[in-house]
Amino acid sequence: MVLRRLALTVPILLGTSVIVFLILRLVPGDPAASILGSNATEQSIVKVRAALGLDLPLWEQFGAWLGGVARGDFGRDYITNQEITEQLELRLPITVALAGVAFLLALIAAIPLGVVAAVREGGWVDRSVRAVAVLFIAVPDFVFGLLGILLFAVGLSLVPSSGYTPIEEGYLEHLRSLALPAAALSLGLGGVLTRVTRSAMLDVLGSDYVRFAKASGFSSSSIVFRYALRNASVPIITVIGLQVGYILGGTVVIEQLFGLPGLGQLIVEAMLARNYPVLQACILVFVAAFILVNLITDLLYTVLNPRLRRTSTS
Amino acid sequence: MTAQDGASPDQTLKTGGSRLRNRATLSSRIEIVAGGFLVAGAVIVAIVVPMIDPAASTAVGAAPALLSPGFPNLLGTDQLGRDQLARVAAGYGISLTIASGAVLISLVIGGLLGLLAATSKSFIDGLIMRTLDVVMAFPALLFAIVVVAIFGSGSEVLMLAIGIVFVPVITRVTRAAALETARQSYVEAATARGARRSRVILRHIAPNSVGPVLVQASILFAVGIMLEASLSFVGLGVPPPTPSLGLMLSTARNFIVSDPWIAIVPAIAILLLVLGFTLIGDGLQAWLDPKKRTTAR
Amino acid sequence: MPNIFKRPGSLKFLALASSALVVAALSGCSAASTTESTPNVSSDPVSLGEPVRGGSATLATQGSPVNMDPADGQLYASILVYQNIFSTLIDVDKDYQFVSNLAESWLQEDDLTWSFKLVEGVKFHNGETLTADDVAFSIDRMRTSGLGAFVSVFESVEVIDDLNFKIRLSAPYGAMEATLASFVDIVNRKAVETSDPKENPIGTGPYKLTNWVKGSTVTLTRFDDYFKADKPYLDEVVFETVPDDSVRLAGLQTGKFDWIQTAPAQQIPELLESTEFGQSNSGAYLPYLVLLNTVSGPFTSIEARQGLNWVIDRKQIVELAFSGAAVEASEAVSDVNPFFSGVNIYEGAPDLGKAQALFEEAGVTDESLTILVDQADSAYALIAQIIQSGLEGVGMTSTIETVASSEYFGRLVSGDYDIAMTIFSASLDPAMTYNLLGQSESGFNFTGYKSATLDAAIETFAFSTDQDARKASYPALVEAFQTESPFLFVANRQTQYFTSATLGGASSLPTLEVRVEDLWQAVAR
């Protein structure tokens, strides 16, 4: 099962890289002309095309590009002639920090809340947790971000309204500059996780095994933590894998809103500037990250769910 | 109608009796109604307000700029003096149109693919599902950006982009429903009598699939509206001056300190619309299948 | 289901308590930092006292430099930075007076000859001494580069000795000093021949380039052998690219930036009143104009172009697109400029009736127009929407196409637009603007308009060295351009820089130069 999952990852990675590669080749306009700008003459276009390798057959170009990527070389960007790998190195830590903090925030908030709501099912705690969860799922992250800026940054001056402070300039300042963006980004995942946790816990808590254990005198907290959570973690992990995609996509908007110079903002800039090599590189990185996360969650899933180790479903 | 009857007797025992089941159904009905109210409200605003004054949403300088809500501009005006209510109405129109188009595209394509996958040989089934895996490997917004990068921006492209993002989900749901139908005894009976398996599935699949598809469709409406707003927010959606709620939010950023209403109005507008669809989806999910107490995006 | 479980309180309480602590810590810290960042020093530059040597400053700009070669002048973002690495022969001050820089003195010998004497002992950053040969080299290489159009009238440079040289022109040129003050930066022949001038700028300016993180920051360090002994004041200057208006302003407010290039227009009144921040003088130095495609499409006819002039509401543009931080413009310069004429043959615009009549005469009705907008400046989009709204008033629809800068210029060159918005940053002397944009053979003539009348008017105004005669002929030039209208000016934007309360010396200049050598930190950091 594990091997099968790993084996499937390779063609998916390949398939996505084909799509990403095709972006550049399918777009209207000639990359050589856009580099040369107003200096574009017939001769210079031919020269530039040859230098870029654009006159080679498509599959050769793809192979060359893929080979470069495997070596960590994403090529050069058309407009500033900078090495794309350098740009990625500068910006990746910011996006990773943002997504990471958002992820942690969601986990730390959602799972306890979900557990509490399940344990006190039907009560006002349960109802309010569910209501808040629905609200968080329904609010687009940048809407919360904007309202958050109004309240926490402009109104209460708790955090800066935009801009990024790198770790070198102070650990606390760094966290403060990420606090609001990460909170906004964490909402969707948080809301979904809360509900999934709650429902998974309810399923487990309502099962015969638990009722039997209760009747046999096991303490409720040990039941909750030792048995219920562990079994509930299976659907929780499945959902996490899917929702990470929304966090990754969300960084594009949140970085734009808060002026964080990460990969997400680079995608938007590259899109608007028609800087396709950069766009390709960024999207590839995001997709690879997403696939990786899903792989990890799938593997975790099989590890935690012994039944699946032997049979194969799908 | 077997799937919709919901809980088996065992299930009822586990959940503590019919009192809880009724409460679950009641709360899900409240959700559906509340959500429906919000969505209907948005639709009405989108249709009625432009009828009062078609040009208001793009009429530059019709009123002083940056007014707070009041009379006659109920929701205030934006930085070019245009009436915010008219712009929100137009924005709702855009969001609903694009989301509807996307959901329609995904239902058609996804539905066909799902049926095809369920009724074909495992080779074709595998091919379809693996191809969809590749599509699903892209975070939704990024895939939409890729499509916009290739085809340019504009309402139709957005519908296509978002629609394709949704296809894998609908395909899975339809395929699962078809496979579920195939397991029913009457299908086996019919095939034993000589009818073609795929024909039988097609004839009987409707009841099994309507529920899950409806649930997914409402969720997809919510997601589609958020995707369109996100794309417009970063400047990749419908071009100005067509008011899109995302675009309104984006331009409002510069004014957030001095004139917060210009940001609050579109923010609340999007929130209410997405909340509406989410509630409907939730309520439907809870009503149709109380065992599964959650909808994941 | 009855509640069969005890409260799992401890875990939840712990979570709540720790989050409360975090919130308290954050608010506590922010309170401290806000009081710290409000200095007691008044924002009035006069009360900052005399300039002191030392310290550093971070300047936040809108764009990012791409090319440090002054002959290319690629993007205003590059020019802004490298003008502090290089020096021009002549400088201009706030009052449009030409003052000496590298050229100690200069003289117009006759219509076609100007002679110059250089300041003695000026050093380049690489230790070389400035000679007239470097000047000749600089001007020669400019002629075949990006800024070549500005020096097309410079025929040759005659080197007499190390300090003396003459520039010979192919025609008398009224904007000679203005051109030299705006764009002609002097490079070192040896430096250009041995390393890439795009990446390694070696000049005579007050600062050396010590670090350049492309797309992000440029670090300049004091050049100790700068020929002006008392300047520069700051030891180090960092230019940081911050494309977003609000992020830039936020940086100023938190003390991260000492100087910002532009602020969101609607915040300006508040900033002006605040004692927390300083500001430079403001001058309406930057013309915004609308280019019309005169080669194909509806604007090939003069009536249509004139009709558009009657449609545009400049007052609305100033109010809504610039929040008042601009002045209406019907010519290249505003009233601060000595040449300003005040001619406006479309007095009373907008007048939709006149517009309609002209459009009908042109046979242009019910058309769908394309308005091309460069995505780099948010003002363009606003102006475009205002024009679009005006056009609707005469029954014409238009689509606004917002494209990235690289695509924008491509489409301008290929004529793929009907209306395009742009700025023109060379307007120290209006001859530079009208000549480059409007002369039939000019490389910057994006509208494609060729007219003997306009060429003649340009000839009279630009290619004469009698400044009084020029001033007298300028109104006629303005009127000629307004009549034929291949492009039209809509507004002149106020250039004003906002600074921290401790930064002195910030000024806004007619050449749109950011003269960092004048800046000092009142509290040395």
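Letters A, B and C name the chains as they come in the text, with residue numbers starting at 1 for each one.
The working rule: contacts are C-beta pairs under 8 Å (C-beta built on N, C-alpha and C of every residue); 3 or more make two chains touch, one makes a residue touch a chain.
Since the structure is predicted, the reported quantities are computational estimates derived from the model, not experimental observations.
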item	value
Central chain (by mean CA position)	A
A-B compared against A-C, more contacting pairs	A-B
Distance from the mean Cα position of subunit C to that of subunit B, given in whole angstrom	46
Cα-centroid distance, subunit A relative to subunit B, in whole angstrom	21
Centre-to-centre distance between subunit C and subunit A (centres being mean Cα positions), rounded to whole Å	39
Shared-contact residues (touching 2 or more other chains) in subunit B	15, 20, 235, 253, 256-257
Shared interface positions of subunit C, touching two or more other chains	1, 246, 375
Shared-contact residues (touching 2 or more other chains) in subunit A	122, 161, 206, 272
Residues of subunit B that touch subunit C when the two form their complex	15-16, 20, 55, 58-61, 65-66, 79-81, 235, 239-241, 251, 253-259
Subunit A contact footprint on subunit C (complex, rising order)	1, 3-6, 8, 11-12, 15, 23, 25-27, 29-31, 34, 64, 66, 213-216, 242-244, 246-247, 250-251, 254, 256, 375, 404-407, 409-410, 413
Subunit A to subunit C touching residues, read off their complex	29, 33-34, 37-38, 40, 79-80, 82, 87, 90, 108, 112, 115-116, 119-123, 156-163, 172, 176, 179, 206, 214, 220-221, 224, 259, 261, 269, 272-275
Subunit A residues within the subunit B interface of the complex	8, 11-13, 15-16, 19-20, 22-23, 26-28, 122, 134-135, 137-140, 142-143, 146-147, 149-150, 154, 161, 188, 192, 195-196, 198-199, 202, 206-207, 239, 242-243, 245-246, 248-250, 252-253, 256-257, 267-268, 271-272, 276, 279, 283, 286-287, 290-291, 294
Footprint of subunit B on subunit C - complex, ascending	1, 245-246, 264, 266-267, 270, 313, 316, 319-320, 323, 375, 378, 381-382, 384-386, 388-390, 392, 399-402
